[in-house]
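In what follows, structures are represented as C-alpha cells.
Okay, so subunit A shows up in both of these, paired with subunit B first and subunit C after.
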Partner chain A sequence: MYAKTILRNIKRNTNGWLVLSLIGAAVVLLPILSIFISVFQPPNENWQHIKQFLLMDYVLQSIWLVSFTGVFSVFIGVTLAWLVTAYQFPLKNFFRWALVLPLAIPPYIAAYTYSNMLSYTGIVQKTIREQFGITPNPHWFDVMSMEGAIFIFTMFLYPYVFMITKAFLEHQSASYIENARLLGRGSFTIFFRIVLPLSRPAIIGSLMLVIFEVLSDYGVTSYYGVQTISTAIFSTWFGMYDVESAVRLAAWLMCGVIGLFLLERILRRNRRFNASTSKARPLVPQRLYGVKAVLALLFCLVVLSLSFIIPILQLIVWATWSYQDVLTSDFVQLTLNTLSVALIATVLIMTCSLIVANVCRIQSNSFANLLSRLITAGYSLPGAIIAIGVLNLFIGSDHLLDRLYEQMGWGETPFMLSMTIVMIIVGYVVRFMATGYNAVEAGFDKMGTTYMNASRLLGYGITRTFIKVDLPLLKGALLSGAILTFVEIIKELPLALLLRPFNFETLATKTYQYASDERIFEASIPSLFIIAVSILSVLVFHRLGEK
Partner chain B sequence: MKNYKFLSSLLSAVMAIGILGGCASSGQPETTSPQNPTDKKSEAAESAGEVNIYTARHYEVDEVLYDKFTEKTGIKVNVVKGKAEELIERMKREGEKTPADLFITVDGGVLNNAKQNDLLQPVESDVLNQQVPEQFRDVDNHWIGLSTRARVIAYAKDRIKPEQLSTYEDLASDQWKGKVLVRSSSSLYNQSLVASLIELNGEQQTQEWAQGIVNNMAREPEGGDRDQAKAIVAGLGDVAIMNTYYYGLMLNSKDPEEVKVAEQVALFFPNQETTGTHLNISGAGLSKYSKNKENAIKLIEYLTAPEAQAITASENFEFPVNPEAEKPEVIKSWGEFKAQDLDFAKLGDHNKTATEIMNKVGWK
Partner chain C sequence: MNVVDVQELSFRYTPKQSPIINGVSFSIDEGSIVGILGPSGSGKSTLLRLIAGLEVPSAGRIAISGKVVVDPSTFVPPENRGVGMVFQDYALFPHLTVAENVEFGLHRLPKKSRVVRVGEMLELVHLTGFEKRYPHELSGGQQQRVALARALAPKPSILLMDEPFSNLDAELKSVIRSELREILQKANMTCLFVTHDQLDVEAICDSSLVL
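What follows is the complex of A and B.
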C-alpha cells in the first residue's frame, strides 16, 4: 500500500514540479559526488607526506576546536533561549531578537576585529598604557590562538543554537514545562530533566550547523594560526600545488561529518520527538525578581556586548578613519549584487529543501536518510572545495554544449555558462542547502505525519496536501531557515571569489580585497555594509514572522 | 511489510538514477535560453576592444590604473579577482575555452606554476623588452614583472643594533633564541623565502635552517606581517621577517598607533655580503588561449610604463620594475640593495619542497 502510494505519487507528479526539483537535487548532488569520488581514487605520493606530517595533528586540533566550540555554543545558546522563553526580566523582549544579531557578523571579520583591538596598537593595550602608565604583558591579550578561535566561533555561532532552540521552546514545550512546574519541580530540574532532552532535535540540528561552519572555516583558523583539517586542505593545494590530494582530504572530512550525523540519527531512531501540534501554545513566562532578574539581565548583556556591540563599535571607529578613501557610489551596486544573488539562491534553496525533505519524509528509509545527509553535506566543506566541484559541473556542461553546437553545425558556442552568474548561484545552493534543509526537516519532524495522513485519507493528493496542509504549518520553519540561509550567503566569501563572472563584486569580496592585504581599517566599511544588510534582513524576517 | 520496504527502497534507487540522469541534460534547457547568446554576441561585436583579466593582485590602485587605461585606449577591462592558485585551477579546467587574456598575480613561483601548467604564451613586445629589465621577465617572456618587494628583517631600534644582523641564515643561530617573529608557513611569502634558500643552500641545509628558526621563534606563528612588527614593539621578540611594503603602509597608516610602531622598528636588508636579499615579484602572464592578445599586451605595456609604475609605488610602496619610474620617499630612504640573483621560476620549482620542509620541522 505504501509502495503504491509512492508509485501513484510519482505517476502523478512526473511531469510537474517534482521532476524539476529532482534536477535541482542533482545540481546539488553532482558537485558533492564529484568530490566524494576522489576517496576511491588511488592516492599520489603527496598523500604519504600529508598522512605522516599533517593529518594526525590537524585532525586532533580540529576535534579539539569543534568539541569546545560545540559545548560552549550549546551552553550559551540553550541557556539564553531558556532564559528568554521561560522567564520575564528587564529588556527581555529586546534580547529575544537582539541575541540573534551576532549572526550578521562573519566570523573572519570578527577575528580580525578582535585581534586588532587586542593587539599592541589596539584600543585595549593602548588605553592601559596611556591611562594607567603600565605596559601589560602582551601574552594576556593573545587572542590569536586555539582559545581565541574557540572564543570567536562560540560568540559568533551560538545564535544558531539560540535561534533554533528558542523557536522550539516557545512553541512546543509549554505543556510539559507547565506540568512540571505544577508538580513542584524547580527550575534546574526542569531545565536538565525536561528542556534539554525535549529540545534534543533542535539542539542537535543547530549544533550541526555550528560544527559544519567551524570545520569548513579557513579565514579564522588561518589568521589565528590554528591548524585544522581545513588548513591542511589549503596547505596541500596552495603549498604543494596538489589539488587532487586537497579534494581527497576534503572528501574524507565530508565522510567523517556525514558518519557522525548518521550515527546520531541511528541513536535517536527509537525515540519519537514528534509532538502533536494541536496542543502547541506559547509558554507563559515566569517573572524573575531581585538578584535573579539582575543576573539574567547581566548574562544576556555580557554575551551581546562581546558578540555584537563591542566589535560593531570598533568597526565604526575604524570606518571613520577610512571612509573618505573607500566609500564610493560603487557600494550601491555592491549591495544590490549581494542582495540579488542571495535572494535568488535563498529562494532556490528553500524550494529545493521543501521538495526533497517532503520526498524524504514520505519514504523515511535509510536511503532517504542518506540522501538528505548528502545534499546537506556541502555545508561541511570549505567553500573553495565546493567551488572546484561546481566548476567541474559547469565546465563539463559547457563542453557538452560545445559538442551540441558542433553537431548541429551552429559553429562555436556564443557563450559559456561558466562565465555567468548562474555558476555562483549554484555554488551557493550547494554550499548552503544545509541551513535551509535542516530548518525544513526540523519543521516536518515536529509536525509528524498525522496531518498529512489525515489529508491523504480525505482524498487530497501529495501536491495538494503539501500546499494546503504542510506549507502553512511549516511557515515558521521556512522563515527561520530562509533568514539563516540568506544571511549566510551575504557573508560567504571563498565561493564568491572563485565562481563569480567578470566584474562581479559582492560586499564580501570587497572586504576580502582589503583584508587580504592586511588593510583592516579599509575593510571595515564593506564589513559594516555586510552587517547592516544582514541585520536589516533579520529584522524584516522577524517582522514577517510576528505577523 | 518486508516486501514494500524493499520496493520503496528500490523506487528510491530508481529515483536517484533519475536524478543523476536528469543532471546530464540539465545543462541544456538552461543554456538554450534565447536572450543570452544574442546579448553576448552584440556586446562582443560592438566594443572594438576589451581585455579579460584573472587577477590575484588586489591593490586598490590597480582599479584606478585599469580605469585610466580604458580612458586612454577605449579598451574595456573586465576583471575576476580571486586567489592565485584557485584562478590557476579555474583556467586549467576551462582549458582553451578560457575567457582570460591575462593572469596577474603576486609571487614568481605562482607565475611559474601557471607557465608550467601550460596556461601562458610568450609576449612579444619591443616596448616591454625596453621597459622591463630582463631579470624581471620570464626567460620565455611568458610573464612580465609589474613590481617587486623584498622580504627583510625588521628589528627593534631600541634593543638591536643593525651590526648584530647579517643574514637570514644567522637568524637560525643560538643568539636569536626566543627572539624571532615570523608568520605561519601557510604564507606564500615564507614558502618563497624558503624556496629561495633551497636553491641557494640546498635542501639539507635549508631544513636545518628552518629547524633553527622554529627553535628560535618568540611565539607560535600567528597573524600577518604587520602583526610581527607590532609584536616587536610589544616586546614579544626582537626581530621579525616581513615584506618591505608593509612597513611603508604602516608608516602611512590611518591608525596613529601603527605609525608609532613603524617608527620604533627599522628594516635591515640581509645577505648583502653574500647571496643578496630575497626579492619577489608580481607580474602578468599572457593566457595561452587569449582572444584579445593585442589588447592584453597593450595593458601590460601601460602598467609597466613610468607613469603607472610611479602610481603603484606611491600607493603601495613596492619597487617599480621600470627603472625610469619615480619612487616615493620611503623607498628612496632604503637606498640601493643587493637582491638575490635568482630566476623567479626557481621559487615555484621548490615551493613544494619548501612546504614539506616547514611541515617536517613543525613551522606552524
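What follows is the complex of A and C.
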C-alpha cells in the first residue's frame, strides 16, 4: 500500500471520537499495567517472608474455596434450571424468577447475617434452648469457617448458573429433548446425556462468573477468617502498609485469573452449539404429579428460603430493633455520599461506553475489536487488584506532582490526588466499565448500522448522527446499562474499602464496619438499603435475559 | 456530463480474500436510470456502498459530478458526497414521523423552505396527509415511497437504490415500478439501482450494467 493511502486511511478514521476513546482506554489500562510493571522491580524483605511462609497457604485456600463453591453452585443452579424448564409443578412460575433474587444479597451481608443467626445468642440456638430445653453443642452451628464460606457463596451465587443455564435450556434445547423423549429415553438419561453436555457452554460461562465473584471477595472471607489471596492483599496493605507486596500478590491473583480465562477458552472451544434450525421453540414442560411434584416444590422452596427469605426476614427484624440509632443525619450523609459517587462513576462509565462503542461500530476492524476488549478488561479482575493498581498509579502521580510543585515553588501545601474521591471514582470506572459497555454494545448491535448510514447519506456527520439518531434509539439499552452499573457500584466492597478517602464511608463500607465491630443489628439498615437497590437491578437483568 | 465516473474500481473485505469487485469501470449520464444486474454475491450492493462512501475500495477512483470522492489519496465521507440512497429495508427512523423523516436531510435549508420542500416531496410520492404517521403505521409500499421522498428531498446528484422491489409483493411491484419511473423523471433524477430481476431493468431502465 502506498504511503498516501495509509495516510488517507488514518485521516479517515481519526476524529474526536477516537481520541476520546483512546483516553478512556488509557484510564482503564494504566492501573492494570502499573501492576505488571511493578513486578519487575526487585522485591523487598517482606515479600520474601510472604512468599516463603504464607503464599502457598493463600493459594491453596483460594483454590479450595473456589472448587467447592463451583461444584455446589453448578449442582444447585443446573438442577433448579432443569426443574423449572422441563417440568410443571405448583408455584413453578413464581420460582422461575424468584430463584434469581439471592443475587440481590451481597455475600458479605449474608455472611454476617448467618453467623449471627446461628450464634449462641442468635435465633436458632435460642429457640432450641428455650422451646425444647436442649442445649446443643455450639460447634454444630459454627459457620465461621471454610465450610461456612462455601455455604454462603454457594447459596448466594448459584443464581448466576441458574439464570444463564435456564435461559439456554428454555430457548435452545426443545427439539433435542423432545427428540430424546420420542426415542424412548427416561428423564434421568436425558438429563445426563443431553442436557448437561448441551448446556456446557452456558454452565462454564456462568461458573466463571461465580469463580470471579469468589476470587474478588473480601467481605465473606475476612469475616469468616478464611485466608485467600484477596484478603492477603488487604492485610499486607492495611496491616503492613506494604504496597509493593500487595501489588505482587495482586499480580499473582491476576495470573490465576488469566489462567482461568485461557481454561475457559479451551473448555468452550468447538463447543458453541447453535440450534440447527433458526427458529427455536420453547420447551413444553411435563406435568409432575403426587410425590414428585411435592419434592420439586420442596427443593425450590428450601433453596429459596435459605438464600433469600430467611436472611431477609432476619435483617428486617434486626432493622426494627436498631433503626432509631442508625437513621441519623450521619446516615443520610453516608447515603448521599454513596449515591453521588456512584452516580458520577455511572455517568462517566456510560459516556465512555457510548463513545468507545460508537467508534468500534463505525470502524469495525481489528483495532476496534482490541479497543473494546481492553476497555472491558477491568470486569474480570477482582476489585482488590484494580484497587491496588489505582492506588499504585495515584501514589506514583502524587510523587510526580510533588516534584512538579516543588519546582514551581508550591511545595508548602502538597496536593495529594490519593487523598481525594477522584481515586475511588477512577477505581469504580475501571472495574465496572464492562457492565455499561456491554449493555451499550448490545444496543448498538440490535440497532445495526443502516440508520446511521441513512443519516450520513442525508448529510449528517458522525457526531450529529449520534445525537439525532443513535441516542434516541439507544435510550432503553442506555438506561438498563446505567441501572446495572449503578447497583454494582453501590454493592462493591473491597474496592471501596481500599480506595475511599479518610473518613469517607459508603453504604457498603459502613455495613462492613458495623459487622466487623459486632454491631450486627445496626448493620441491617444499610444492608437492607443495598438489597433493595439490588433487587431493582436483578429484575432489570432478568427482564433483559427474557428478551 | 457524467454524474458518476468509476475507474478501475476493486474491493475486497480482507487483503487475503479474492476481490469481490475487480477493476470495474463505467460512467453514468445525467438524468439516466441505470440498473445493475448480477447474481447474488457478485458485489452489486457493495458497488452502491462504495459510491455512497460506506465502504472504502482497495483500488480505483470514483468521481461524482466531476469531483473525485475516492482515490488512493482522497476519501470524502458519505455526508459530504451529495448522494441519496434508498436502502433495501428502507431504514426509516422509527422515532420520527413521516414528515420528520423527509425533513431530516434538509438541515441546510431555512425552516420555511424545509416545510415547503417536505410538502412537495410527499405530493410527489402521493403521500400527502400522512405527515404525522410513524413508519410502523405504514404499509410496505408506503414506507418505500417515504424512503424515496427522504432520499430525493436534499436534491442529491445521484440516487442509489438497493433492491428497491425486493420487499414488495408481485402485484404491488408492477404498480410501483411505473410509479418510480414517473417520479424519477419528474424530479429529473439520475438513478443507479441494484436488482436481480431482468424485468425490472426492461421496465424502467435506460441502460444496464452486468456484474
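Methods note: the second predicted complex is superposed on the first by the 328 of 547 C-alpha atoms of A that agree within 3 Å, B and C clash if a C-alpha of one lies under 4 Å from a C-alpha of the other, contacts with A are read in each partner's own complex, and residues count from 1 in each chain.
Following the convention adopted for this analysis, contacts are C-beta pairs under 8 Å (C-beta built on N, C-alpha and C of every residue); 3 or more make two chains touch, one makes a residue touch a chain.
Bear in mind that the values here come from a model prediction, so they are computed numbers and not experimental data.
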{"item": "Partner chain(s) touched by A:187 [first = subunit B, second = subunit C, both, neither]", "value": "neither"}
{"item": "Touching partner for A:451 - first (subunit B), second (subunit C), both, neither", "value": "second"}
{"item": "Touching partner for A:473 - first (subunit B), second (subunit C), both, neither", "value": "second"}
{"item": "Which of subunit B and subunit C A:460 touches, first, second, both or neither", "value": "second"}
{"item": "First, second, both or neither for A:351, with subunit B first and subunit C second", "value": "neither"}
{"item": "Which superposed partner A:314 touches (first subunit B, second subunit C, both, neither)", "value": "neither"}
{"item": "Subunit A: partner with more touched residues, subunit B or subunit C", "value": "B"}
{"item": "First (subunit B), second (subunit C), both or neither touched by A:392", "value": "first"}
{"item": "Which of subunit B and subunit C A:144 touches, first, second, both or neither", "value": "first"}
{"item": "Where subunit A meets both subunit C and subunit B, residue numbers", "value": "2, 7"}
{"item": "Touch list for subunit A against partner subunit B, complex", "value": "1-3, 6-7, 10, 19, 22-23, 25-27, 29-30, 46, 49, 53-54, 115, 119-122, 125-126, 135, 138-139, 142, 144-145, 222-225, 227, 231, 234-235, 237-243, 321-322, 325, 359, 363, 365-368, 371, 384, 387-388, 391-393, 395-402, 404, 414-420, 422, 497-498, 500-505, 509, 512-514, 516-519, 521-522"}
{"item": "Interface residues, subunit A side, partner subunit C - complex", "value": "2, 4-5, 7-9, 11-12, 450-451, 453-461, 468-469, 472-473"}
{"item": "In the complex, subunit B residues that touch subunit A", "value": "4-5, 7-9, 11-13, 15-16, 18-20, 22-24, 26-28, 30-31, 36-37, 40-41, 52, 58-60, 78-83, 85-87, 89-90, 93-95, 97, 99, 113, 184-186, 188, 191, 219-227, 230-231, 233-236, 246, 249, 253-255, 257-258, 260-261, 351-352, 354-356, 359-360, 364"}
{"item": "Footprint of subunit A on subunit C - complex, ascending", "value": "52-54, 56, 72-75, 77-81, 83-85, 87, 89, 91, 93-95, 104-105, 107-108, 150-151, 154"}
